Every structure is written in structure tokens, then in C-alpha cells.
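Per-chain numbering from 1; labels A, B, C, D, E, F, G, H, I and J assigned in written order.
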Amino acid sequence: MADEVNLELFDNPRPGREYTITIRVPEFTSLCPKTGQPDFGEITIEYTPDKTCIELKSLKFYMQRYRNKGVFYEQLTNDILDDLAGACQPHWMRVTSRFSPRGGITTDIMAEFKTE
Amino acid sequence: MADEVNLELFDNPRPGREYTITIRVPEFTSLCPKTGQPDFGEITIEYTPDKTCIELKSLKFYMQRYRNKGVFYEQLTNDILDDLAGACQPHWMRVTSRFSPRGGITTDIMAEFKTE
Amino acid sequence: MADEVNLELFDNPRPGREYTITIRVPEFTSLCPKTGQPDFGEITIEYTPDKTCIELKSLKFYMQRYRNKGVFYEQLTNDILDDLAGACQPHWMRVTSRFSPRGGITTDIMAEFKTE
Amino acid sequence: MADEVNLELFDNPRPGREYTITIRVPEFTSLCPKTGQPDFGEITIEYTPDKTCIELKSLKFYMQRYRNKGVFYEQLTNDILDDLAGACQPHWMRVTSRFSPRGGITTDIMAEFKTE
Amino acid sequence: MADEVNLELFDNPRPGREYTITIRVPEFTSLCPKTGQPDFGEITIEYTPDKTCIELKSLKFYMQRYRNKGVFYEQLTNDILDDLAGACQPHWMRVTSRFSPRGGITTDIMAEFKTE
Amino acid sequence: MADEVNLELFDNPRPGREYTITIRVPEFTSLCPKTGQPDFGEITIEYTPDKTCIELKSLKFYMQRYRNKGVFYEQLTNDILDDLAGACQPHWMRVTSRFSPRGGITTDIMAEFKTE
Amino acid sequence: MADEVNLELFDNPRPGREYTITIRVPEFTSLCPKTGQPDFGEITIEYTPDKTCIELKSLKFYMQRYRNKGVFYEQLTNDILDDLAGACQPHWMRVTSRFSPRGGITTDIMAEFKTE
Amino acid sequence: MADEVNLELFDNPRPGREYTITIRVPEFTSLCPKTGQPDFGEITIEYTPDKTCIELKSLKFYMQRYRNKGVFYEQLTNDILDDLAGACQPHWMRVTSRFSPRGGITTDIMAEFKTE
Amino acid sequence: MADEVNLELFDNPRPGREYTITIRVPEFTSLCPKTGQPDFGEITIEYTPDKTCIELKSLKFYMQRYRNKGVFYEQLTNDILDDLAGACQPHWMRVTSRFSPRGGITTDIMAEFKTE
Amino acid sequence: MADEVNLELFDNPRPGREYTITIRVPEFTSLCPKTGQPDFGEITIEYTPDKTCIELKSLKFYMQRYRNKGVFYEQLTNDILDDLAGACQPHWMRVTSRFSPRGGITTDIMAEFKTE
């Protein structure tokens, strides 16, 4: 999805201080690549910014690109982490996705990025 | 139960990254081996995949095999851990089972698997 | 299911007083008649006894008969009402069933019986 | 149990006004008359006093008499209503008992007393 | 307590419309007249004003007068209703008191005032 | 939307008894007709069936037709009521929609259908 | 406040059907007219539209006009009811306000409008 | 109480793996040794079994022995830990007791056992 | 306040074992030293006893001494810790106080004592 | 904002002991610098005082200065930390802000200050 990532960034107002930003997106929906049926979930992004922060409106538009796209949960969570961490180059980032039950079974995925 | 394990696996989409998958199965039922009465519980599986991930539909069918089988809680939890870790060979896996009260008493079991 | 109803009854200890008994069975499971997959739910029975009350252990065994039976929700709820009201002949009875989500959709059914 | 009822009463401080007193006893225990096993529950008493109100300490002692006594839920609830309404002669009284699950099944009983 | 009631009132801003004001006082404390020990509770006042409304600061001071006074729950609730309804002459008023458990037993009292 | 309604129906298993079916669809999404932005909500359908009941899988597909459609909340709720009541001709039906907050404001709509 | 009411309205999409719209505004703030200190609360508006419905964005702006205005709770709730009912002329409307505790005391006001 | 401990044990089904068993007993009652009044609480037992596990029915009977016995909270919690750890010789065990409020005060005790 | 501390102590029943006692006092009230207005809060005491434990009834009386005393939150929490730790000489003690909101602001204080 | 910081301080009553003060301000509002629209949130301040503590009334007035000021979340949280830590020079301080959802997205920021 890398080619269509258009996340806006803005300058971190306190670049010298290590602080944490937590963004919760409870209105996430994508499609199951097998059945074409909609999946619903909540994506949480936590990060420690370095030089730039993610602008929220462009993040909302980024998330909406999954609305009619078929992706597996594991792929999706790792893709979002790659895209967001690639764009804003944070010290640390964690993406957690929590999907609504399918067949009585609930799935969460949690992936982290760290600079050395 | 090893002979009847037919879990489907799929390739881990990010084999180089250590991330965690949490699967909650709140609709679990088995039988008490002493009385033949049904037990009800919730099984939670957390793991860090290595080469393969567990496909959810086949996991659902695996869980349904306990529906008319008599097993003690302690045996059951350890068996599920052995079967799932044996099938997908994760870096780490934890299985937690929480059973509904019997005689006013509630039981949870938590078992872990780790590669050296 | 009428032929296999073996509910035990006992004499109402206060036959002259209109009072209400509420029984909640949170551990109910049956099968979907289409797919053969298990359904999970909670059955609530409320009634005003006349001459007899329902013995709880035999009610538990009655409920377990649905464990490996394929029935639709609407049929099931009405059948339970027919069987229980037929057995204990209450002044009034209400059966409510609440099923776990399937395909992201949750269903409850509520049916009542009243003597004229 | 009528012979051992020793409830203390005190004069209703506003006999002309219809008001409601609700007493919740969450620490109730009795024995199952079949198995001798303890049952645990919560008894709620609501009433509109006429000439007298029930003193709370003597109510606590009254409730403790069930601690080592074997009684069925339906009998128990109606007995408490008879004893309390018999003692304080209220305009209206309702006794509700809610018992902890046994064999996965929960039972509540609600009985009312009214003067004509 | 009638002689020390100093509730401030203000003119009802919509005297022609029947509307409801609900005031919750979760920080209420008085003394048990038997043991001298503190009781803690929450007082809720609901009323439909006629010509005047109760000013909140003076209500707070009114409630604080019970802090070191020994009164029974039933007396207290009816006294508050008498004092407040006497002061502001509402179309309707209800006072509900909910006391913290003593000896494992919780008590609520609810009393109403209505003009003919 | 009347022309594309393809709801499947099945025969009511107890046509002579007035009972209630409650269906909750927590995973509903449509588009805002002004901004094109996604809206998220929960639709609840309650009805008393006459001759036919609504099949759940076809209801799920019906709901998914709103996924990429721009409709106002008030229109949407009334349209769903018209379509579902038109299809299954119930004795009574109520559709309630609850939408996620927009601009800090939450909206629910509740509409009913009744046969004379 | 009547002179500055600029609520936008739109045509009721189902003028013949009696249905209910519930709007919750949890982010409301005004000033105390005595102390000048900010008050915080939640305003809920329920109404049955006749010919017109209230547009949500203009409602948001209407609510923001109270941000730096000093008004008593009782006045405020009745003013909002007058303004909104005056603008959209509904069959029925109810405005409920719930304010955060001040001096340990919480206040709610509920006022209704009805056409004859 | 050591002389009357009749806990049944069974062989740990996975003696080589360190796993945790959590048993919650929410229906616990004993007597206050000072006043003779009943106390109510919840006992939680967590342990890592070595060679043997505690059979639940015998644990239930063990807990019932406190029903008419007068013991202080601190003594009780330590006694249960001594008895259970003495019987099943676990790698690690923790007993936590949480008692219902007395005189507005709630007490919890937590004690641990560890093999060197 | 040291001169009026009359806490009763009793011998620790298991002096050799490090275990924890948690006491929650949800019914605490004192006065604001500035305004004389009552403050309401909850005090939690956690400690690992050495030779002696604190008797609960005398703790209740100790807490009641603050009822009509004006103290700031920070002073109060540290004073309670000094008094209790001074009396029972524990291995470790923590006092946490949580006060009800004043002016829309809530304050908690947590202080610890440790022997070297 | 440094020039207008008028926080009152008072002497730490136990300067030698490391203890923690947690202040929760659930009624916080500022303006979005882009749109001018109000934002609503909750600010939590945790700190370990050194020589001085922050007086709560002056903290309330400090927080109110943001009411009609346009600031981004990230700037705001860091500014508050700078102002408060600058004023009272604590051993450690953490400021956490939690904002109400905008466009379906929720943001929290957490920043810390530490003396070497």
C-alpha cells in the first residue's frame, strides 16, 4: 500500500523530550479477502515522535482506504505499522488492532517498531 | 488428541518481526469426565508466530472436537497448548482457560510454551 | 420434542399466592440446522406457578437435550415455552432466549404463555 | 418458622404518609434440603410501613436463623414474606431472593403481600 | 428541625411550565442515635417547582446540619422532605436516601409530597 | 431503495402466538451525503411476526448495501423500517439506529410500524 | 436569547409518521452567573418532528453560544427548550441537562414541550 | 486445623511444565471470634503445581469447615495457605481473601508460599 | 495528632511470613482548613506486618477523629502514615487517599513507609 | 504561556519523604487552532513534590486560561508540563491529556519531567 500513503506530518513541538501519543480509531472497517464480507475493528496507534507527528485528518483518510479493500488481519496490522512508522520515523511505535468476533472468535494483533 | 489435529496454517506475512496474535474463543464447551455433565468456558490463545500462523476457521473446528469429549480442565489446557504449539511452532505461546463456576467455584488455568 | 420431555415437578408451597420465579440458564448450546455449527446463548424462564413448580435439576437435563440438536432460534424458543408451560401449567410464563452474535448479528426471542 | 420469629419493631415516625423502605441483605446463606450443601443469595425487602417499622439488627438476627437450616428457595422466600409481613403489618411488602448459580442455573423468586 | 431551616429560595424562571429538578447529594453523613457512630449516605431530591426553586448553596448548608446530629434513617428522610417541601412549596417532591451498609445490610427510604 | 430489497423470508413457526424477535446489528456503516465521510452506528430491529420471519443472512446483505451509499440518519432509519416491514408484513415493528458521535454530538432515531 | 437563534432546519423525510430523534450533546459548557466560573454538563434533546428537523451542525453552533455566557441551570434548560421548539415546531420535545458536581452536589433539569 | 484436612489430590497431568491454576471461591463464610457474627468473603487460590493438584470437590468441603468456626481474617488466610500448600506441595502458592465491609471498613489479606 | 493516637494492636499470627493486609476505609470525612467545609474521601492502607497488626475497630475510631478537624490533604495522608506506621512498626506500609472533586478537580495522595 | 503563569505554591508538609500527588481535571476545554471549534478533554497531573506543592484553586484558574485559546494537543500537553514543573520544581512530574473524539478519532498525550 506504500504508493498511496499520503499522510501529512507536522513538526514535533518538543523534539528533545520523549513523550507518547496514543491515537484510537474505533471506527475501522475492511473486507475479508476470502469471503468479501466486511470486517469491523478498532486500531490503536501509540508512538514516541522524533522530528514529526502524524496529522489526524490525514490519518483518518489513510484509514478509510481500507474500507473496500480485502486484507487479512495479520497483514493489515503490519502494513499500517510499516506505513505510519515509515512516514513519521518515530523513536518507537506500536499498532494494535482488535477485530469484532467472527464465528464466535475474536482476534487482536499487536506489532511494534523500534529504532536502534 | 495428537492424531486428530487438523489445524490449517498459513505463512506468517512478517516473519522477521516479533509481533503478538491474541485469539479469544468465548464459546468453548466440553464434558466433565467424572459426571458426563457439560462444562462451559473461554479459551484465550496468545502467540508470537515464527514461520506460520494458525488459520481461524480450522481453529474453530479444532475447538469443537472437545464438545462431546470428557477431559479435566488441567489436562485440556495443556493438551490445547501442545497441539497448537506443535502445529505452528511459534516463538512463544500461552493458553489460558477460564471455566464457568461449578459448586460455586471458578477455575482458570494458564500454561506457556517457549522455544529456547 | 414433546415425547422426550421428562421434567420433574414439585408441589407449589404457596398455591394461593401469585408470585414469580425467574430461572436463568446462561450455559445453553444447540446446533444450527443449516450449517451444523454450534450456537451459544442464554435462556431465561419467568413464570407464576399454579399447582406445581419445575424442579431445577430436571430442567438442566431438559436443556442439555438441545446440545446436539439442530433447531432454528424461533422454533427453539417456542418449543421450550410449549414444553415447560405444558408440563407445569403455570398462570403465566415467559421464555426469552439471547443468542451470541453470528455474522456480526445478535438475535433475541421472547414468547409468552397465559391462561385465560 | 413462625414460632421463633423475634423481630423487633419500632413506631413508624410518619404514620400518615405512604413511603417506601428498601432493605437489601446481600449476605444470606441457607442449606439445600436435598444435599445439605450451602446456598448463597441476596434477599431484598421493600415495604410501605403502616404503624410499625422493622428494626434492622433484629432483622439481621432473623436472617441468620436460616444459616444452618435446609429450605427450598420457593418455600424460603414465601416464609420470609409471611414472617415479616405478619410481624409489622405493612400496607404493602415485596420480598425478592436472588440465589447464586447451581449447576450453571440461577434462580430468583419474588413474592408480594398487600392489604385489601 | 423546623426552627433552624434557613433555605434560600429564588423565583422559578418558568412558573407556568411543569418541569423537574433533580438534585443529588452524594456526600451526606449523620450519626446513629443509638451508637453515636457516623452513618454515610446519598440523598436525592426531585421536585417540580411552583413559585420558587431551592438555592443550591443554602441546600448544602442545610444538609451539613445533620453532620453531628443523631437521627434514624426513617425520621431523617421524612424530616428533609418536610423541611424542603415546606420551604419551596413545590407541586411535587420526592426525597430518596440510600445509606451505606451496616452489619451487611443496606437501607433506602423514599418519601413523596404532593399538592392536591 | 425499494427496488433492490432482496430479503429472504421463512414461515413463522408459531403464527398464532404473539412473540417478539429482536435483532441487533452493531456493525453498520453508511456515508454522510454531505461530506462523503463514513458514518458508523448500530441498528436494532424489534418485531412481532405475522406469517413470515426475516432470514438473518439476507438481512446482513441488505444492511451491507448502505456501506457505500450516502443517506441522512432520519431518512435511513425510516427507509429500513419501510423495507423490512414491507417485506415481512409484521404485526408490529420498531427500528432504532444509534450513530457514533460527530462533532461531539450523538444521534439516535426510533421509528415504529403498526398494523391497524 | 431568541434574537440570536440561527438554527438551520430541513424537511422531515417522513412527515406522516410519529418517530423520535434523540440528540446527546456531552460537551456543553457555560458560566455561572454568580461566580463567573465555568460549568460543564450534558444536554439531551428528544423530539418527535412535525414538518422540520433540526440540522446538527447548526445545533452545535447554537450550543457553543453558551460557552462564555452566564446563565443559571433552570433558566438555561428552559431557554434551550423554548429556542429549539420555537424553531422546529415539533409534536413533542424534551430537553434534559445534567451538570457536573459543584460543592459535592449534582443537578439535572428536565423540561417538556407538547402541542395540544 | 491441620488434623481435619482431608483434601483429595490427583496427579499433575504435566509435571514438567510450570503452569498456573487459579481457583476462586466467592461463597466463603466464617464467624467473627469476638462477636460470633457471620463474616462473608471471597477466597482466591493461585498455585503452580508440582506433583499433585487439588481436587475441587474436596476443596469445597474443606472451605465449608469454616462455616461455623470463629477465626480472625489474618489467621484464616494463613491457615488456608498452610493447609493447601502442605497438602499439595506446590512450587508456589498465593491465597488472597477479600472480606465484606464491617463498620464501613473492608479488609483483604494476601499470603504467599514458595519452595526454595 | 500523635498524642491522641490510641490504636489497638494484636500479635501477628504468622510473624515469620511476609504477607500483605489491605484495609479500605471508604467513609472518610474531614474539614477543609481554609473554608471549614467538609471534605469526603476514601483512605486505603496496605502493609506487611512485623510483630503486630492493627485492630480494625480502633482504626475506625482513629479515622473518626478527623471528622471535625481541619487538615489539608497532603498533611492528612502523611499524618495517617506516621501514626499507623509508628504504632504497629510494619516492614512496609502505604497510605493512599482519594478525595471527592472540589471545583471540578479530584486529588489523590500516596505515601509509603519502609524499614531499612 | 510562561508570562501569565500565576500558580500559587505552598510548602511541602513532608519534604523528606518521596510521595505522589495525583490531580485529575476532567473539565478541560480549549479551542482547535485550525477551525476555532472547542475541544474537550481531561488533564491528569501526577508528581512527587520537592520543596513546594501546587495550590488547587490557582491550578483551576491556570487551566481556565486555555478556555478560549487555540492550541494543538501536543503543544498543550507539553506547555502544561513546562509551566507546572517550572513553577513547583518537583522530583518528577507526568502530565496526561485525553481528548474527546474528533472525526471518530481519540487522542491522548503523555509527557514526563524528571530531575537528574
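To be clear about the criterion, contacts are C-beta pairs under 8 Å (C-beta built on N, C-alpha and C of every residue); 3 or more make two chains touch, one makes a residue touch a chain.
Note that the structure is a prediction, hence the values are computed from the model and not measured.
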Neighbouring chains shared between chain H and chain I, ordered by label: E
E-I compared against A-B, more contacting pairs: A-B
Chain centre separation (chain C, chain G; CA means) in Å: 46
Whole-Å gap separating chain C and chain J, where each centre is the average of the chain's CA atoms: 56
Whole-Å gap separating chain A and chain G, where each centre is the average of the chain's CA atoms: 37
Rounded Å distance between chain F and chain G, as computed from the means of their C-alpha atoms: 28
Per-residue overlap in chain I, given as positions that touch at least 2 other chains: 26-27, 37, 40, 100-104
Pairs of chains found to touch, sorted by chain label: A-B, A-C, A-F, A-J, B-C, B-D, B-H, C-D, C-F, D-E, D-H, E-G, E-H, E-I, F-G, F-J, G-I, G-J, H-I, I-J
Chain I residues touching chain G - in the complex, by the definition given at the top: 37, 40, 100-104
Residues of chain I touching chain J in the complex: 72, 74-75, 77-78, 101-112
Residues of chain H touching chain D in the complex: 26-27, 29, 37-38, 40, 64, 67-68, 100
Interface residues, chain A side, partner chain J - complex: 10, 12-14, 17-27, 49, 53, 56-57, 59-60
